[in-house]
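Here the chain labels run A, B, C, D, E and F in written order, and each chain numbers its own residues starting at 1.
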Amino acid sequence: MSKIVTFGEIMMRLQPPSYKRLIQAESFSVYFGGSEANTAAALAQWGEKAVFVTKLPVNDLGEACIRNLKSFDVDTSYIDRGNGRMGVYYTEKGGSQRPPQVLYDRQYSDFSLAQPEDFDFEKIFQGADWFHFSGITPALGGNLPAITKAAVAAARRAGCKISCDFNYRSKLWSTEEARRVMPELITDIDALIINHNQANEVFDIEADTLEEAAKKIHALFHPGLSVITGRKTVSGEVNEFSSLIYYDKKFFKSRTYSIFMIDKIGGGDAFSAGLIYGIVNDKNLQEAVDFAAAAAAYKHTIEGDFITAAVSDIRWVMRSDGKGRMVR
Amino acid sequence: MSKIVTFGEIMMRLQPPSYKRLIQAESFSVYFGGSEANTAAALAQWGEKAVFVTKLPVNDLGEACIRNLKSFDVDTSYIDRGNGRMGVYYTEKGGSQRPPQVLYDRQYSDFSLAQPEDFDFEKIFQGADWFHFSGITPALGGNLPAITKAAVAAARRAGCKISCDFNYRSKLWSTEEARRVMPELITDIDALIINHNQANEVFDIEADTLEEAAKKIHALFHPGLSVITGRKTVSGEVNEFSSLIYYDKKFFKSRTYSIFMIDKIGGGDAFSAGLIYGIVNDKNLQEAVDFAAAAAAYKHTIEGDFITAAVSDIRWVMRSDGKGRMVR
Amino acid sequence: MSKIVTFGEIMMRLQPPSYKRLIQAESFSVYFGGSEANTAAALAQWGEKAVFVTKLPVNDLGEACIRNLKSFDVDTSYIDRGNGRMGVYYTEKGGSQRPPQVLYDRQYSDFSLAQPEDFDFEKIFQGADWFHFSGITPALGGNLPAITKAAVAAARRAGCKISCDFNYRSKLWSTEEARRVMPELITDIDALIINHNQANEVFDIEADTLEEAAKKIHALFHPGLSVITGRKTVSGEVNEFSSLIYYDKKFFKSRTYSIFMIDKIGGGDAFSAGLIYGIVNDKNLQEAVDFAAAAAAYKHTIEGDFITAAVSDIRWVMRSDGKGRMVR
Amino acid sequence: MSKIVTFGEIMMRLQPPSYKRLIQAESFSVYFGGSEANTAAALAQWGEKAVFVTKLPVNDLGEACIRNLKSFDVDTSYIDRGNGRMGVYYTEKGGSQRPPQVLYDRQYSDFSLAQPEDFDFEKIFQGADWFHFSGITPALGGNLPAITKAAVAAARRAGCKISCDFNYRSKLWSTEEARRVMPELITDIDALIINHNQANEVFDIEADTLEEAAKKIHALFHPGLSVITGRKTVSGEVNEFSSLIYYDKKFFKSRTYSIFMIDKIGGGDAFSAGLIYGIVNDKNLQEAVDFAAAAAAYKHTIEGDFITAAVSDIRWVMRSDGKGRMVR
Amino acid sequence: MSKIVTFGEIMMRLQPPSYKRLIQAESFSVYFGGSEANTAAALAQWGEKAVFVTKLPVNDLGEACIRNLKSFDVDTSYIDRGNGRMGVYYTEKGGSQRPPQVLYDRQYSDFSLAQPEDFDFEKIFQGADWFHFSGITPALGGNLPAITKAAVAAARRAGCKISCDFNYRSKLWSTEEARRVMPELITDIDALIINHNQANEVFDIEADTLEEAAKKIHALFHPGLSVITGRKTVSGEVNEFSSLIYYDKKFFKSRTYSIFMIDKIGGGDAFSAGLIYGIVNDKNLQEAVDFAAAAAAYKHTIEGDFITAAVSDIRWVMRSDGKGRMVR
Amino acid sequence: MSKIVTFGEIMMRLQPPSYKRLIQAESFSVYFGGSEANTAAALAQWGEKAVFVTKLPVNDLGEACIRNLKSFDVDTSYIDRGNGRMGVYYTEKGGSQRPPQVLYDRQYSDFSLAQPEDFDFEKIFQGADWFHFSGITPALGGNLPAITKAAVAAARRAGCKISCDFNYRSKLWSTEEARRVMPELITDIDALIINHNQANEVFDIEADTLEEAAKKIHALFHPGLSVITGRKTVSGEVNEFSSLIYYDKKFFKSRTYSIFMIDKIGGGDAFSAGLIYGIVNDKNLQEAVDFAAAAAAYKHTIEGDFITAAVSDIRWVMRSDGKGRMVR
């Protein structure tokens, strides 16, 4: 069991039922999620000691969120508590030509207004093996670029491995801002995960293949592992997901999953969790990327931000033909 | 902002949740809709002054219906009120080999029993720019063929443009009846919209292409615009939708959308609205048919009869690859 | 109207809404079902006198189950009542790479603990034309292999036709056990229905085609009709279903349905019902297999174990192109 | 087991969830009910052979209704089928100062348009022991007063006992009409059940007590049993229910139940069923009225028109202190 | 039809179903409401020209809110639009000893950050007859005390009657703050409505009766009408509501309603609407207070912030014994 | 923070929505609960280290249950896992004259078939301060009386305080069996909690007051604290709850709560938790019984078996007038 720390915002997610639009909403389903929280929930569920660090208000919503994390066995003891508000995001599922929508109401959240002293990273990283964050955390602005930088520095001092899911979000910041802030955070870390299209969008990396993109990412930021994910939108309902690790001039490529998308949120976070899980459990890189890709595919079949699946469920997908045959 | 008048029946629509059959129904979702009401709701939402004329009972269902129309900004001030019943229709979604079902309970509705004097068309069309109706209105029988004729005449006197969505419904009348009643209503109007298959079914128009069908429709009824829509059932879940305007010996053809059908009702009504919207906003015919086709596709992704989408939503689809990619 | 007796277990089925996993369940939809009950409900609904024999506890769940059967016109008068528990099974729908799950909680049910004297088969088969059971019944163990054997013997004495849906369930018994128990029950019966893959899994029948499998099944057990069903998993959402009767050295093959699976349970049971319906109504074997296959496809579009469809619904599918076009 | 025939209309009942008003309805729960159907469902459930006679359309709603009746073991074989519509009624629950609402959409239903020849009462009453109807049936107008009269006459000829629940409905007819039509139907029948207030409203019977009202009803119509029910509205949530039989100059009075009203519909119908049940099972009149009153109280705790309760449930209430104590 | 302007914040209200606590919430029902919006919705529904002035973001939630207001016929044309967030509040129903909860997430809303120039009160009050606001608006802080003051001044200049519902909210500001800000806003207005307990809590008015409180309020602020409402908590489910107008040394007192509380929100806002309605429709003060009190009681039987009731519904309550008897 | 161990069965609880009966159930809400688990969940939530010991199957239901316990911070690390089934119980809410129903399907559960060696009580009680169980655990039969005895003995050896909630369940065993098994388990323990009526039902203790009952219980079993709870059924909706501790010849009596019952399950378990909480936090006995009674009342306002309330919520009730007034 490795101690894996993730740091970021967790929000309440509200989504109308079925294919209803936000503007039609008569009710919302309630979930909790956020990139790093999703990764932590997966890892905790799979048996790792996953510590999720964030800041949440002292009210019933903050409390409900923490209970949700606890139910997945996430260690919530380093969550700072504030007196303000919790970030909320509203989603609608989308369908066919109509794209899924994400409406953020996360500004002024306790996390986005966090202060450097809210988090005692020295203590948090004691005994930690791994630190993971995503590009969303610095994208929230305020003190968060600085706090993230402090976290990375503390993690290094503690001897942790460090990974980052690049996760560029155009609704949070511009590509210019991302280009200004991110390089310092991701250069020379142990694993940098970036989506093929985002590599192009933010860093102008032109690459016809995941392999090519990985090499260019490696050239730019020389992370231990350069990990590229690829998504192709086949239709409003079907996406193709593939991924690849570039390490030591070798490529380790997962199979390509054709996914009927039940929930478009959280696949990348499950991928990160799968990758970390594979590595801390001493799997070889091929097994790690296979597990990570299967976890990503599996996540897209689950409603809610957290992947609700055991290691055995993911392995079942890895061994299967990817067509979800019933056993009875 | 143009004043656009539509005239027809609006009903309460009751549909069991998910894929449930009517015969299994333990609950119904409640919507309101009808061909001309759907078109009006789209146009009002897009900023036009859309006046919907119908007759509804003075009871809580009639009132709920009017509130629903008002929420979309439809002008309901010319709706006549009666003391009888409101039409109701029951739908089940269908799936795979099982076709969607429509069960009408609209007989004896206040609208279907309307009298000519219930509607003061002179007043209604004052300042109006456009009159739209569908073939469903005269199909309801009773006085409605005569009232529709009176409406068309009044619209002409008021200098309105006139459009008709042919909308043949075999559950309401026979092809013989339609052939007897419709020609007088549609000849020489400004825009006649007809489905490729219905052109064949009702008027024996044999045509391999939409182009050919348009020419033949033009030859028969010489409307200003001959507008043909084509639907191909790829499977129980997927339809293809295309459309074309024939005008001045030129064809203006939309792209073909492959649609995962979330709601099979109301696509044609959104198409009509899109066409009218394009024309009254001085778009060229290519833009108009593109907007109309995108509106039709978009509608099929929405639960309920009214398209719940802004002009910008439709334009997003027009600019997109039609695969509903998420932006975040 | 033929009297058709089926014998087996009926359970309460609990399934979380939408695509939710069992582990996420905040609520369950309630259905009742079981292979032989499903077949009986179909036949009763189609106008046959369908007698379903089982054992159910005297409590509100048992009573609710019986009411459900009665609503379909199933004759429940031979259901034995106990003082224990009713079998329950939990399902989750699955989606894409994630397989549907079935979690049985049927052990210790009143039926699985039934005694030979609980069922007076002499009386039950008086005037009966047909007896149908599935391989699930003997798979439940305890006295059930013996009771099933007694039922088959009594049915023979009463001059009934006998059919069996092989229905091997790996969660209930091993292939060895099935090979030990089943042959005695299925040899020389009037119709043996077996899935292509199961023929291979249990009896090592290697066959590239349904035709080949049918011949080999015939050679082994020489039933009146050797009926083979084939399923191909195209994706997590789409299955292909085909079927074939082998009789008197002739093949009667249904068309192949490509089915968007709304409920993965009960297709085979509807197939059995369709086959029996065809035969007792003196249809030729081609018509019978066509009706049976259409019933199987139709069932997979229905939520719940029982097919909720009239004979005319099934015939509509047979005549259609299998794409569920809406009529209105 | 006695054969008890009831005759009247059954409708689909649609009610929004919780305390929602009709005008707010986003969904409806679906029930089926009608005074005489409710009485039949109770009697069938309690083991009598209850035949319910009505007319229903051949469509999915009519079919769903019949299945619902069958699930309660009601004999539906004499239900005539039409090609029109089914009556519908909409209810809202009400609460506190806000009264429950009933909105009828039953005009033009197949039953209300029924013809005398639709029902073969000679056949229906063969072997019947009892005929029950309510004042709602003739209140529907058209041929129904005459058909009801014919039914009463046929029941007499067949030697049935006859009972009527007076059930005056001001939304269906005026007191004048009721006074014109009802006396012929209720004079000299075996049991006339009438609400204390309605006795006053329709027949100007002024009576301070149920006893007094019973005597005056007896004087007017000399039924075998004069049965008076009393309801007192304590608040929007609580009603008091009492009842009394007057027979042979003796009074048999039930206890008074103070009822927290969960569903305001169907209490009187359960009372009628309880009374008939008591009498056909040779209970003395005190036991009969006690059972009937307990059934009425019990019904008001059940959602939906049909009482869903076994004889033992009703007896439990009779023996209890009326406060619904949990046993576990 | 009078033009009545109200000014304040409208929020999205999210409440878990049934008696669920926020911390248990798996779903929320969606409503929109706020004190002044609720008053406007009531008045618009009752036929007045009700203009609601607020500021809402340009997003799907703001749009959904405006549609909801439009469905009630509220004039939304003066609503300013921003680019930030909409206020949200979360409620749980409470029950028995457990109090209802209100959790505000309204800080940083577009309205609470509004600027004086966002509202052109000169234009808004053109032709207006009445201006109504509540003490919640200035309690939101920022510029709102000043903007409210400007609104009051503009209303005076336009010759409007002015009313204020004092509505002290301890979760928004302290009694000290309220005492500092409110007097200037309420002195000498035409109608000041204040709850008996709040009069004591904020202004130390000790009064055993509503009459006494009214006199003291009059002495302090000499409004045209001094209106006192009284609430007594009988139990977690039942409240008593009474009210009184003091004018020209005369008291006009409503009856006291004992209310089974279905929704604890919005009763006071319905009361204000009822009072204004009575006065602008030239009812005498006794009728006005009776209508207002009946509206308040009625509101508490409705789920959601807006009273969904016609004038005739309120009048029905006024004429009734307050016990919600069903008519059918 | 004290370490408090509880031992017993936890089941899945399934309840139809609203006031629906089991026999009408179309869906169930899912909860988890059991007397000792409920007590543990309350204590964990209030900050104690609560260890719940039971046996649960290794399947999705067992896993979901454990996640639910974890979300409340219950220590689940000593839960034994089996390969069988989880106990289930079905409830219906009841209302007015209709009593709530409990239908157990707990026979053959992994817990009820547990073996002595499944629980290592020496290890479990290391460092523990308190052991709590209820009379339900031995009532389950099999090895459970012996295992409970072993647990009590181990707890004594470990120096734990021991408490028992007598909790007689007539659906599980007879009074004779309870009289045979329980005395050995409860004699001389630190706190014995027993309901007034059960003291009479099982031990023939006739007592007009809680005081008298407490003395007699003390005389029989001389526990450290003799704790009596009293419940009076005022109506189907309202219960009165009171309680009393007898210690050192002194009485410590709580106030009497009149409770509108939202959920009839779990009040006693919350009482036990409250009592233990008060004592381990060094409250005096009056404070302890007041907190316990308030917790019991609070629990009955919560849907689900676990009390979802903070210590501050309970204290709010203690300080309030018990009428659930809203603060806003």
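Throughout what follows, a contact is a pair of C-beta atoms (placed from the backbone, for glycine too) under 8 Å apart; a residue touches a chain by one contact, two chains touch by 3 or more.
Model, not experiment: these values are computed from the prediction.
A.B. asks: Show me the overlap between the contact partners of chain B and those of chain F.
C.D. replies: A, C, D, E
A.B. asks: Write down the chain pair in C-D, A-B or A-F that repeats the interface of D-E; the criterion is over half of the contact pairs matching by residue number.
C.D. replies: Overlap exceeds half of the contact pairs only for A-B.
A.B. asks: State, to the nearest whole Å, the distance from the C-alpha centre of chain B to the C-alpha centre of chain D.
C.D. replies: 45
A.B. asks: So which stretches of chain C touch two or more other chains?
C.D. replies: Counting only residues that touch two or more other chains, chain C contributes 18, 21, 23-24, 26, 67, 101.
A.B. asks: Linking chains that touch, what shape results: line, ring, star, complete or other?
C.D. replies: other
A.B. asks: All pairs of touching chains?
C.D. replies: The set of touching chain pairs is A-B, A-C, A-E, A-F, B-C, B-D, B-E, C-D, C-F, D-E, D-F, E-F.
A.B. asks: Could you please specify the touching residues of chain B with respect to chain E in the complex?
C.D. replies: Residues in contact with chain E: 67-68, 70-73.
A.B. asks: Along chain D, where are the residues that touch chain F in the complex?
C.D. replies: Touch residues, chain D against chain F: 17-18, 257-262, 294, 297-298, 300-304, 308-309, 313, 316-317, 320-328.
A.B. asks: Could you pull out which chain B residues touch chain D in their complex?
C.D. replies: 14, 21-30, 59-61, 63-64, 67, 84-86, 88, 90, 101, 103, 105, 107-108
A.B. asks: Taking the complex as given, what residues does chain D use to touch chain E?
C.D. replies: That would be residues 18-21, 23-24, 94-102, 169-171, 233-237, 264 of chain D.
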